[in-house]
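Okay, so chain A shows up in both of these, paired with chain B first and chain C after.
Entry: the complex of A and B
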């Protein structure tokens, strides 16, 4: 009896400890970025592109990186949504054989585990083959490849979570597979889909390695798909790796911008999730 | 010719045989109860009729099930038409993730029913099987083009048939998910009837419900049996006795005995039926 109670205590203690560790990490990360970055966060920082000598402490801002990162990750999210949604449906047993599904899942899982620098290198090779230079287009395509497995696997799980009895009910109304999925079941899956999209977006906006070779870096705003673009992760890297303290602080300001963007996305997700859950079957 | 005729039906789950050589005619416009101990193939028989067995993996269905004389197990069978003709009521009710009103109008809309078809369907019903009463029939019917009005008529009519109208008439636009489980099952009944099927298959339709809700469902089934053919799987013997006009007794995948309820319940011919009815097999 005593031993059982002690075990219970230990397990509880471990949970509290882990929870505390998580909270501590999150808070200290937030505090570091806010404290070192906040005073560098001026309107000019958000609205201007880098002027000459920006990385040595002269004027300018990171508008190039903010715009670039948003373009890259929104573009990549939309692109992988266009490919990923049909894929997620194809991975349901109404549409494909068990072997096919297992093979596709394996493929996606390997891609998920592949370091994004490898995608970057792959993208670079392809670019050379087709004669494309570092550009918004190449970066978006490569980034889409990085986030595709995350999106598909998440959406596919969401669809698989739909209770089979519910599917039977929908089918028994005389709907085709596609009608059932598009008109009824996807409503049920909508909040999950949203999470998948935002998860992928979050991964995309923070990824540096895949766009290093493919999107390039520039102090200017892109004027076409074929121009190189800057991105927040690379901008942070360039600023923090200088020896000048003032520029480093700006790097933290940039990190703060990135963090706020990610948090904003989560908040929006939370709000939308509540709206879409109105009709959910549990 | 009876609507549903089953000929030499054999069903296999992988290697295991779930149904053996089942042959029976289901009497029209009556309640047929399928009884037997759990695992005897009752649900499998039911789901073979509207081919929900297609959803499961590794299920083989052999033999013939004739609906209006056409074999629905043939690869060329029109599943959408089949499921429009044969409705389904699952064990646990699943409202569609939409409003109460949309739950009723969704399937008719998918089947391409126009407002005038809806009006005609209800007029036919009331002329030949007056069930709702003069208040509904004598009311001026909506114009031929108004989908909203026709949809409301459909909603009211079928919710009345399912004895749910009075409880939900003031909140037709709220999520169907907010209804109690008993109400949800009546909503499912209304939804199944709204596509004007010939028959409704019900898989232990009251097993998730409280006694009051169960007895409402039973009452409505009895009321509606003059118009629809019901096949009801039940493991509750007393329910079968209350409801059934005709009885199928399945045991270990075999159709042991079938006949009019009065006969089977009072003078069972097979010793296994006798044993089941007296509670020796369970």
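Entry: the complex of A and C
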């Protein structure tokens, strides 16, 4: 009995230890970015584009990257919403056969698992094919491919979670399925949809590998869809890679900006979800 | 507009005699005929189903596009020259992927070796031992971490890990810059943990409470219950969590790229630099045009990556389906 108790203690200790170690690592990551980042953060940095000699430590800011990242991920989110919403409806039993649904879910899961660098490479192939250069348009399209599976699978789960009695009530009123989904059921699913959209947006803003090939990088703000754009992850990467201390400091500040953006998106997602969930019918 | 019809459309019914129906929108636009509604429903259904086809087209296009681009290289070099040779000289037309494949596998293995025990223990703790308070803090925190961009992990690796690994390496008598296999594995292990923990936790939550109660009532301790009952019931599910973590690790690009050193040679020790496949693709896209067959080689690398990761994901899915069938019966 005593030995069993001791084993119990040891295992518990190990578990607490591993959880603690992980927590510590993550905390050090967050604190590191926050403290090193605060050091280099100035208002000018957020509002200006890089001037000549920016990568040698002269003045300028990362406005090009912030604007670029926002444009890319907002565009990609809207695009994949335009395809994803009908897709989520189509994956309900009212619209397609069980086999088709299973096959499509399988494909979406495969696409979800595919590394974003592969999407980047694929986007590059397509760009060569149609003669498009690195541009906002190409980057947005590729990023939309990356976040589409995430968004659709989440939204589709939300629709499937609607209680059956609720659906039956709607059918009994004599609505067609499209009227039911568009006018009634989508209201019930709204909090989940918002969550899916924001999570996809957060994923998009942090993704670097897919836009490396396709969006390019530039110090200027884009003036059309066919201009290359900068993005925050790449901007951080380039600034950190230089040996000059001032530039690196600004790299950490850019990292802080990205971290704040990502956390903000998640917090807003959870907050909205809680707020809108109050009106749901259960 | 009759009262039932307006209720059906979710509008406030017009009250008889107030003339509201005429003042507002004309009645015919608010209530389309039954036939028009059914036609609208049919068209929407066609459109919705069309997007289903789009997904399949996209997946197929992805595979075919990469195959088509890597075909010239596949036709030119033999299987052995491609996958079992370390000779990587794009200018001479030699493309041996062995060093890159070993690099990818090495980094992933180290990452999983560290992440698997840590995150399984953490998941068991959260599911079986932790109180409500710990759980309500830890679960959202883990979800938050799963969403942190990989560049930030790479940053942390460069700043916090690489100097430590360099010290450790020199202390053990290796010549190293700190940018090496071990650093890559460590950074990756941290990135994989949130995924493995959240999947494993969900699986453990789905084990029926009755199984635990039966074991505890026999006088087993918590850990004995976990080991003999939970781990047996949830074994496959935990494997799934590890496989999913693995597939994430295989394709991770930026964070690894920043700390592994990127030298295309077979690693001699944990402290040698390596060059995983995703880094190869990410680092070289600029030179694609100038060297013949180089773009083919990069697309082949992407194709390999995609096939391996997809195989892992499909395996995890099959295991999960088996598991669900087992629990239902």
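Methods note: the second predicted complex is superposed on the first by the 250 of 282 C-alpha atoms of A that agree within 3 Å, B and C clash if a C-alpha of one lies under 4 Å from a C-alpha of the other, contacts with A are read in each partner's own complex, and residues count from 1 in each chain.
Note that in this section a residue touches a chain if its C-beta (ideal position, glycine included) is under 8 Å from a C-beta of that chain, and two chains touch if they have at least 3 such contacts.
Keep in mind that this is a model prediction, so the values were computed, not measured.
Undergrad: With the two complexes superposed on chain A, say which partner A:247 touches: chain B (first), chain C (second), both, or neither.
TA: Neither: A:247 stays clear of chain B and chain C.
Undergrad: If you stack the two complexes on chain A, which partner ends up touching A:16: first (chain B), second (chain C), both, or neither?
TA: The second partner, chain C, only.
Undergrad: Determine, under the contact definition given at the top, whether A:179 touches first (chain B), second (chain C), both, or neither.
TA: After superposition on chain A, A:179 lies in contact with both partners, chain B and chain C.
Undergrad: Based on the superposed arrangement, let me know which partner A:155 touches: chain B (first), chain C (second), both, or neither?
TA: After superposing on A, A:155 lies clear of both chain B and chain C.
Undergrad: Between chain C and chain B, which one touches more residues of chain A when both complexes sit on the common chain A?
TA: C
Undergrad: Touch check for A:280: first (chain B), second (chain C), both, or neither?
TA: After superposing on A, A:280 lies in contact with chain B but is clear of chain C.
Undergrad: Is A:196 contacted by the first partner chain B, the second partner chain C, both or neither?
TA: neither
Undergrad: Have a look at where A:90 lands relative to chain B and chain C in the superposition and call it first, second, both or neither.
TA: second
Undergrad: Considering only the touch criterion stated at the top, classify A:229 as touching first (chain B), second (chain C), both, or neither.
TA: Neither partner.
Undergrad: In the superposed arrangement, does A:170 touch chain B (first), chain C (second), both or neither?
TA: Touch partner of A:170: chain B, not chain C.
Undergrad: Quick check on my understanding: which residues of chain A belong to both its chain B contact set and its chain C contact set?
TA: Chain A residues touching both partners: 173-176, 179, 183-184.
Undergrad: Mind pulling up the chain B residues that touch chain A in the complex?
TA: Chain B residues touching chain A: 47, 50, 52, 55, 57, 79-84, 87-88, 90-92, 94-99, 106-107, 110-111, 175-177, 188, 191-192, 195.
Undergrad: Quick check on the complex: what are the chain C residues that touch chain A?
TA: It comes out as residues 7-10, 37-38, 40-41, 44-45, 47-52, 54-56, 58-59, 61-62, 65-66, 68-69, 117-119, 121-122, 124-126, 129, 138, 140-141, 143-145, 147-156, 158-160, 190, 193, 221-224, 244, 247, 250-254, 258, 278, 281-282, 285, 288, 298-299, 302, 305-306, 309-310, 312-314, 317.
Undergrad: Can you check the complex and tell me which residues of chain A touch chain C?
TA: 4-5, 7-8, 11-12, 14-16, 18-19, 21-23, 25-26, 28-29, 32-33, 36, 83, 86-87, 89-91, 95-96, 100, 103-104, 106-111, 113-122, 124-126, 145, 173-179, 182-184, 199, 202-203, 205-209, 212-213, 233, 236-237, 240, 251-252, 255, 258-259, 262-263, 266, 270
Undergrad: Could you pull out which chain A residues touch chain B in their complex?
TA: 93-94, 98, 163-176, 179, 183-184, 187-188, 278-282
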